[in-house]
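Just below sit the structures, each encoded as structure tokens.
Here come two complexes built around subunit A, the first alongside subunit B, the second alongside subunit C.
== the complex of A and B ==
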């Protein structure tokens, strides 16, 4: 198993390099980087002060200094390896917008997205697995058909539309929940119960939004795989030998049906820890998703790359984790 | 006398027809798409037919007809809604307006009040903050979104099927190389890159489509690769080869027809992805530039004006309606093309 894991981790390296190199190149090739942004701002200020004086707002030397400051003075490949070297020393650089270390910003934002991710994963697995089982066993019953409608809508409609709808109904219309933010303004002054209540109140809508999308996919997955397995020959054999139906489901079909769920768990882990920037934008939550989005809009490339490093690592590790989980539930898979 | 002779395919079509919600969704969606092609005749501020002083005009397509032609005292385009009111008192002159007599770009101001106007008999779904008819914008937005998705589907499937088929058929180094490429591609945050690119290049329909195709071909490639791998190992491919069929013939007349069920099954879901992504981009302001009618722009405007709920609700309802229909079709197609029948013993 150790050898297998080692090989999987080795395979992560080329993928990681590929992803970061491609995005790094795009941030370099695309015009409108930090230096150009400063130049444009300087130009505007110049025009405001003395119109008609003309000439470049910054001297050649100043521009070169700026380029060196942002590491833009070196050729692309060299600059990439310098950046990579820093990342290996766990230095993600400094935000070109706020001059804060990128890692500090990410450290502030990661727990917020992780809160939603972990809560969503917990709730969906606690609800979807039982619901999927019931829907599979009672296929085409009233319960199955009624829940199917809800699951279908959740499946078809993207999370951000659900988010907007919930915000319109419960945030603005009924005013049950606050319109956005992660916690209230007076969060620090509250006692433990007050804090919990405030957090719940603020996170109920976004959490429901995250759930709506994931819920549908997982329930369908559970239902369909269990139905696949229930119609398989080995279940018929087990029943023919006199095993009771509940026992056949629990002991035989269930274990096999959990395999796709395990794969899915690994994949969704990275996705959820990063948060969805659309959902975070709708509810104005300062999580990883919004950080990545804002940094792109503002051309804060060190932050863009930092977020990318974290997200691709989480994604790759999530995939491996999924494989390990699959191996745990599926005895046919062996680590080789 | 049917076009399709293949009994297996006929059986699948029968099965699809028997799944009512999927079948009716397909019928309804086809009708909607066909109607959207001639949207100018249905939702427009130009009349469909005008009869004025013995002559007949069709103003919908073509150049604008100046107001002077119809006896107004101005040179810009005739206001057909006013013309209709006037014609009520004139014998022999008449005109037919489209069912929704508003253009999606037209600002309709009602004297004495400011937009957005709530739904009433004039604007069935109300207007947005600049007085544009929401129903008109929804309808034209639907046309753009659905054709965007269909074109996205077409191009990304051509690339995906070609590369995926080659990966599965050739195997070896070609397969290994593209496996890595796909792994990298699918790990790159697509929406981020589209935002970067579309904030530099003015995002026209063509540019946006190319960027999306650039990232979307991956999904289909992966499924095609697996499907081709499976088919390639089957005996019929071996016997075709033994009979002397060339690679081209094996791929085009044996393997691809047998993977068609894989391809068809994913079509509706790609349409959903196309609509969803385009709307998300428009919502964030990185999609088609304003004043292009789009659902995303309506969503953004609606969330900015939550006091006027008809704006956001119209866009949300339209999205839910269309996406649920497409998903119904998708599920029905999947069920029709799935040879397995779920049955178990209790």
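== the complex of A and C ==
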């Protein structure tokens, strides 16, 4: 087991290098960048001040200086390794938009996305596993069919549509919940219960949006694997031993059915902690998703790369976590 | 004297999307203590369904016992509450299934799976007692190094060992009846012989009645005292093993016996077969169910259902023409 995990960790290195190198190259190849942005801004200012002067707003020397500042003067490969060297020293660089260290920018936002991620993960598992079990046992019952319709609708409608609809109905129409943001403006002045209530109010709609799409996959994964296992021969053996059906389900089918759930759990952990830029955008939540999205739009490449480093690490660790969970529930998986 | 098990006029049907089909129709037989009854027939003839009915393990809600009695020690199993049924399953009547690969739970150690039986039926046993009994049972069925095997998982065992584990689980409580549903089909021939010997030996030791379900006539000849030949959900012929093999009376039984390859024949001799196909359960012909494959078929076979009648003593045949056909000149 230890040896296997060590090998898996070693495998993370080339995967990580591959991901970051590809995105690094893309940021270099696509048009636009911090220098171009500054040029455009300078041009705008020039036009406002004095018309007719034309020409470049910045001199060649100034542009080269800017390029050197952002590390754009060196060839792609060399620049990548310089960046990588810094990352290894835990230095993610400085945001070209805010001039703050990238890590500080991420550090502020990661907990917000993680909060939604962990809530989503908890609720989906707490709801989907029991729901899937009930649906499997009462297959084709009214309850099964009605919940299936609900779950499929949630799955079929994209998250951003669900988000907008919820916002229109419950935020703007009924005014039950605030329109967005992670906390209210007067959050700091509230007492503990006030803060909790405020937070819950702000959490409700985005959380519902996150859940809508994820419910279907997990519920049906649970239902289908359990149904497969219920028709398995070893359930018949269990019944022939004298177990009652509910006990046979609980003692024999359940553990087998949790194997695919365990695989999923590890993988979705990494994805969830990063937040969804669509949902965060809709609800104006200042989390990792929104940060990543804005930094791409603004060509703030140090932040883009920083977000990528964190998200790919989380994803890779999540995968290993999933493997460990599977090994815990399935004795057939023993790492050599 | 009441028989250990007596099945009378059993009729089982299944609800399917194409309508209700009768899988077992008017099946009767009895099993005495210490004896072995073989149920033979091709796939889908209803032999497994018959076995499942005895333990009331038919898939719900599709399968249903429509008619008949299943008397275990004179008491009708169909009248028992489900809780009484839990007491009988695994304790009084046990079952071994065909696929040792899938019939054991892959994520539980085999020790846990056998000890579960003791937990269910002898809750007063301590953990050490349960473990000791499990080891004893493993020893009884010939599993080497039983204390080590207890901790192993099904995937770590060979097919033969797994089937031994299945047998151990079935015999854990020394049941009165063992139903073996094609226990050797998935195993290779040498292991098959070992398992058959094992079941025979254990039967002598425990004195249980065994119902042996198979499509392998060789197996039947080896282990059974009495044989029920089933065809398309009905009994074609019922006789003790000597009569059946010496003078089979139903054309189907004849065909079955004729289709066994014989050592004395020249190599590459074409194997004898029974022409045609089993009629679909949805489309059963009137009259005798074997009519479309029978070379002795006459008009009367197409309208009258042949009753299961005595040919000689306890040798029963359901063929209208069994007394007319002269088997000896063939």
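Things worth noting here:
Criterion: the second predicted complex is superposed on the first by the 336 of 336 C-alpha atoms of A that agree within 3 Å, B and C clash if a C-alpha of one lies under 4 Å from a C-alpha of the other, contacts with A are read in each partner's own complex, and residues count from 1 in each chain.
In the analysis below, a contact is a pair of C-beta atoms (placed from the backbone, for glycine too) under 8 Å apart; a residue touches a chain by one contact, two chains touch by 3 or more.
The structure presented is a predicted model; accordingly, all values stated were derived computationally and were not measured.
Shared-chain residue A:282: touches subunit B; no touch with subunit C.
Once the two complexes are laid over each other on the shared chain, residue contacts for A:331 go to subunit C alone; subunit B is not touched.
By the document's definition of touching, of the two partners only subunit C reaches A:256; subunit B does not.
Judged by the touch definition given at the top, the superposed model places A:236 against both subunit B and subunit C.
Shared-chain residue A:156: touches subunit B; no touch with subunit C. Of the two partner chains placed by superposition, only subunit B is touched by A:312; subunit C is not.
More residues of subunit A are in touch with B than with the other of subunit B and subunit C. Using the contact criterion defined above for the overlaid structures, shared-chain residue A:168 touches subunit B, although it does not reach subunit C. By the touch criterion stated above, A:244 is placed in contact with subunit C alone, subunit B being left untouched. Residue overlap on subunit A between its contacts with subunit B in one complex and with subunit C in the other: 236, 239.
The touching residues of subunit C, counted against subunit A in their complex, run 55, 57, 82, 86-91, 94-95, 97, 99, 102-109, 116-117, 120-121, 153, 155, 166, 169-170.
Listing the residues of subunit A that touch subunit C in their complex gives 232-234, 236-244, 251-252, 255-256, 259, 329-332.
Interface residues of subunit A, counted against subunit B in their complex, comprise 14-15, 18-19, 22-23, 26-27, 30-32, 139, 152-153, 155-158, 160-161, 164-165, 167-168, 171-173, 227-228, 230-231, 235-236, 239, 245, 277-278, 281-282, 292-293, 296-297, 304, 308, 311-312, 315-316. By the touch rule above, subunit B contacts subunit A in their complex via residues 180, 183-184, 187-189, 191-193, 195-197, 199-200, 272, 276, 279-280, 283-284, 299, 302-303, 306-307, 309, 312-313, 316, 319-320, 323-324, 326-328, 331, 340-346.
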